[in-house]
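Mind having a look at this structure? Questions to follow.
Going in written order, the chains are labelled A, B, C and D, and every chain counts its residues from 1.
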Amino acid sequence: MIIVLSAEASKQDADEILAKIENAGLKPLYMPGTERTVLGALGDERILQGLNITAHPMVEDVKPILSNYKLVSRELYPADSVVSIGNVPFGGQHFSIIGGPCAVETLDSFRASATAAVKGGAVALRGGAFKPRTSPYSFQGGGLDALKVMQQVSKELGVPAVTEVMDAADIDIIVQHVDALQIGARNMQNFNLLKAVGRTMTPVILKRGIAATIEETLLAAEYVVDSGNPNVILCERGIRTFETATRNTLDLNAVAFMKKRSHLPVIVDPSHGTGIRDLVGPLTKAAVAVGADGVIVEVHHEPKEALSDGKQSLYPEQFSQLMLELEPFIKAAGRQVTQLKAA
Amino acid sequence: MIIVLSAEASKQDADEILAKIENAGLKPLYMPGTERTVLGALGDERILQGLNITAHPMVEDVKPILSNYKLVSRELYPADSVVSIGNVPFGGQHFSIIGGPCAVETLDSFRASATAAVKGGAVALRGGAFKPRTSPYSFQGGGLDALKVMQQVSKELGVPAVTEVMDAADIDIIVQHVDALQIGARNMQNFNLLKAVGRTMTPVILKRGIAATIEETLLAAEYVVDSGNPNVILCERGIRTFETATRNTLDLNAVAFMKKRSHLPVIVDPSHGTGIRDLVGPLTKAAVAVGADGVIVEVHHEPKEALSDGKQSLYPEQFSQLMLELEPFIKAAGRQVTQLKAA
Amino acid sequence: MIIVLSAEASKQDADEILAKIENAGLKPLYMPGTERTVLGALGDERILQGLNITAHPMVEDVKPILSNYKLVSRELYPADSVVSIGNVPFGGQHFSIIGGPCAVETLDSFRASATAAVKGGAVALRGGAFKPRTSPYSFQGGGLDALKVMQQVSKELGVPAVTEVMDAADIDIIVQHVDALQIGARNMQNFNLLKAVGRTMTPVILKRGIAATIEETLLAAEYVVDSGNPNVILCERGIRTFETATRNTLDLNAVAFMKKRSHLPVIVDPSHGTGIRDLVGPLTKAAVAVGADGVIVEVHHEPKEALSDGKQSLYPEQFSQLMLELEPFIKAAGRQVTQLKAA
Amino acid sequence: MIIVLSAEASKQDADEILAKIENAGLKPLYMPGTERTVLGALGDERILQGLNITAHPMVEDVKPILSNYKLVSRELYPADSVVSIGNVPFGGQHFSIIGGPCAVETLDSFRASATAAVKGGAVALRGGAFKPRTSPYSFQGGGLDALKVMQQVSKELGVPAVTEVMDAADIDIIVQHVDALQIGARNMQNFNLLKAVGRTMTPVILKRGIAATIEETLLAAEYVVDSGNPNVILCERGIRTFETATRNTLDLNAVAFMKKRSHLPVIVDPSHGTGIRDLVGPLTKAAVAVGADGVIVEVHHEPKEALSDGKQSLYPEQFSQLMLELEPFIKAAGRQVTQLKAA
């Protein structure tokens, strides 16, 4: 339920109602605005009706939240949320680019790829330390060593870094080394992991599952926010369909839909979304045009040598060229591209 | 097979080789270029090898066409094909917009919707006269009366029109009234219909089937071209996936992929591709950015009253607004929007 | 609407009400039963309400038909329909087996495959004369020659035959040679073709489209029945999903669901449904167990030499062995396998 | 690689070769047979070739394992594996039935449902204590209390029990209360969880993910077995497709395919696979016929009151009736139904 207070309502009025909500076992939300204060009450709506809140003289309106997700819904917060990874903002008028290799390999190789990404225009780094791999016999990631490499290069280049977390037990060590946690597509409905990252305040990039509906994706985000962490960035990375010419089917409908229904920032991963180097450029432009708040792109200094996902990684010069071509689209979209701040 | 002749080869050399190809029961193709003449030979490649064409002194190179589709492949024709509907070009540097209602209802209603579309920026009209409907009890289209309405309004406004053909028997009457034939998604593999439109020279908008792979779509186009009609415009209109929040999943990967592999123009239908009015705008912009050669958008003067697809039709003012917002994206894509020519 | 007459109602009462329905522009249906006569009225339900039929003294009950399909629904006809191809019944307690090669090749080869099928237990023959092929360069079927071959072998062996129709223009010639028309998966929503076969009384095997929902499949059947031909046999032949290990995903849920909701017989095509010879046996058994009324299986006397679908065709001895193994399952399902009648 | 030793090879020969394999950093496998001993070597095949094992006088044959999964492949172990939950065997000639409610609610309700299941023919109990739920606001399961309820009822009725594990941290407490661990569809590629259950010897029911290919499913099983636990039972529970009439599309092709390629037992969940009570019966029969080694069925003593999945739970009398009807199918399949052993 959304409870709109009248313009004359005082903080004390709000506190009074919030206490009533909390006492009834519901989750109270306090959202002061410039003109009106809005309160929220999440939980069993029948209980709320019993509270008879409409009768309070300072309550102007009580409206149900129609969607199944509440905290991430625009019904509750109409304005865009801006979530920052380090000093890089996602959401609102910003358009921010994350770049880097699929997996962190050696220090030299990560530094080379990261430097190429930053030179091209990336303002945050990606790289996998713990890799979810379909086969137990594939490279499983560099683990702690890879985290250390990321931290070092991130510091050298002055840009934040993000890496995937596969296990709640790894959260502590990961947040000591990088600036944001990624939940991969395979773990989008690993609810215990969602709750665990929800108990930190570290920004979370939540990738849509390969067969997750938009509603399920928003409900997965709701798990994180409901656990206490509002810093969620949604990521469309392609869904699994019958089409086999491309690795996945990038669902840009979902980006537009999620932007309408949720206040959370939404970014796009055109690398996994296509799986084909030549398609990354066109789909990155499309992501800008459809209203995404950023992209996360695989760049590798030597794609042919990459331990994973080489086929979809851009060469440094391709990435730089793409970033140049992207500018007029970002401008057309009324966005401002986030740029590296001078140290 | 692609046979590249040497720069000194004469027309007589070409004819000699083409005759050899034809005599062997293969399909010969003659493609004179500014620097070199290129010949094609389609059919059983083992027969071709028996011809020993490489031995001809004027043959510089013989290369296989690797894809299953041949005539629509960029391997055969590397440059963009431009296909015109009336005087409206699709392909190359052009970006052209088709607008109009889902179904042609009355003269007054179609005129109102078409006028709104043209006023907003459409340079060709769409409208269904023969409607493929899931249920036999739904409105099946206005038939010949609707064709007459289209022709009258098309003349009044000075713009060409396109309508769907569901039956080879209707082709003659349709081409007397409108300027292009649409093959709907449900008929994309109605091979006899493909062959029948292939025996005309009327431009064909070929919509991708809801579960057709990219390869199957290009092979469907190959049927039309192989039957003699090179004027095919491919249309991505969304595929069927597990996602139910949107009517279809618009597959912009497929647009980029088809543009890489085929010389045919590719347009996008964001109305069927999303099924939701509010998403048509963002996905139209994304279509421009991904490299489409045009869009086909449902515009209705009174969507609430539409006999079909009202939920996804734009209001006139929404369409005009979208066209304004589209301009910088079209410019960013290095395209020129096709404009109505003064009479 | 379903109108249940009281036990005392005379034929004259029924005629009176049917006339009223027809005069109002609705489609009247007369379904005399052993205890009660039931009438149907199809069309705009608001018109029907205006007729005030409940007021008629001989009307006991008026119930809406809730599903979108009407004539094929069990709401209208609760009992199983039995549809016969030649003298082979499908539906009710019968279980009938159709066998034969994918395409009709030569007389000798079709005779060999057909003989093997009949020897194994098939009581009807399948074989393609007009083949829908993804590529224009693939074998398109033997046409009229193939029809003649089918007719000859069908007579020699004393079993009926079925072949696919791709074009309304071919219906006449096909029904002169074989006993049933197949609508292929690609044409399931070729509505003009559905109406055309609906204007014959020849039995129709309607294959589900690769991306057709159950509801769309039943509505496609409704097109045929609504056009006048009640002799429709539904066929589940696998749908297109993300799984690539098998050619299609055979949806046996759909068989059980359609049997619950429709009175039409439902058969299964385990050959296209799996695309893998070794899986045809287990899925044929599963089709029996789930409640199908028959199967249509590809059998070829020399699968390695088959012009199409060799990978999924059974060898004669495999087919015979399968039929033996099938018997206890057919018995367990309470069905009687249809056997060849001595001439 | 599979290394077949000659009939005269001694245990010492085998040990010698196994040591060589291990020293090279590969995983050695020792599989003594009645006629021949077979060794396995898993890992980088190029290393193995360097070992020149074929040169050993006691090595008769060295064959590569072609599939990506090794330990779960029939290439490695051609015979059926039998995995027992408590004293209930799955695999080989056995057909075993697991029944129970979706979630464990109260002691009384679980006892009632479990009793009904056992009375009908179930020889193992299912019930969720930790529930993966799409929304954070849905019932999340009874946790430890539910485990205690399961243990008590399991002892009372003398049948083993299985419950889902969502978090590696819960494994210890779960295995103290029940006899098998279920990995749910959403966690099929939660690789850390797979490794964790792989470090126990408790039987694991591994459910296929809703968008997991057959190959990915077998590779998920490979994770468990490679971690040390060979006791894996695969479970087909329906995949996500475009079809919305049923909750999922039960993929019985996959059951037949996995039985061909893997030695692991495969069971079917017709409750989640259909989501509709009326379809559970037909699909259970189909599961038997297609070659499954068992089923896991939702039975609830009062489905209308169930906190989750009531729509797909069988009433006690429906379950009993189904078990009776199942018998002839189990016999037709050449299987023996596992029965409750007298205490």
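The rule we apply is simple: a residue touches a chain if its C-beta (ideal position, glycine included) is under 8 Å from a C-beta of that chain, and two chains touch if they have at least 3 such contacts.
Not measured: the values here are computed from a predicted model.
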item	value
Minimum number of chain-to-chain contact steps, chain A to chain C	1
Most widely separated chain from chain B, with each centre as the mean of CA atoms	D
Distance between chain centroids, defined by C-alpha means - chain B, chain C (Å)	35
Contacts with 2+ other chains: residues of chain D	211, 215, 240-242, 244
Touching residues on chain C, where the partner in the complex is chain A	211, 240-242, 244
Touching residues (chain side chain D, partner chain C) in the complex	211, 213-215, 238-239, 241-246, 249-257, 259-260, 273-274, 276, 278-279, 282-283, 285-291, 328-329, 331-333
Interface residues, chain B side, partner chain C - complex	42-43, 68-70, 132-137, 166-169, 186-187, 189-192, 209-211, 216, 219, 222-223, 226-227, 240
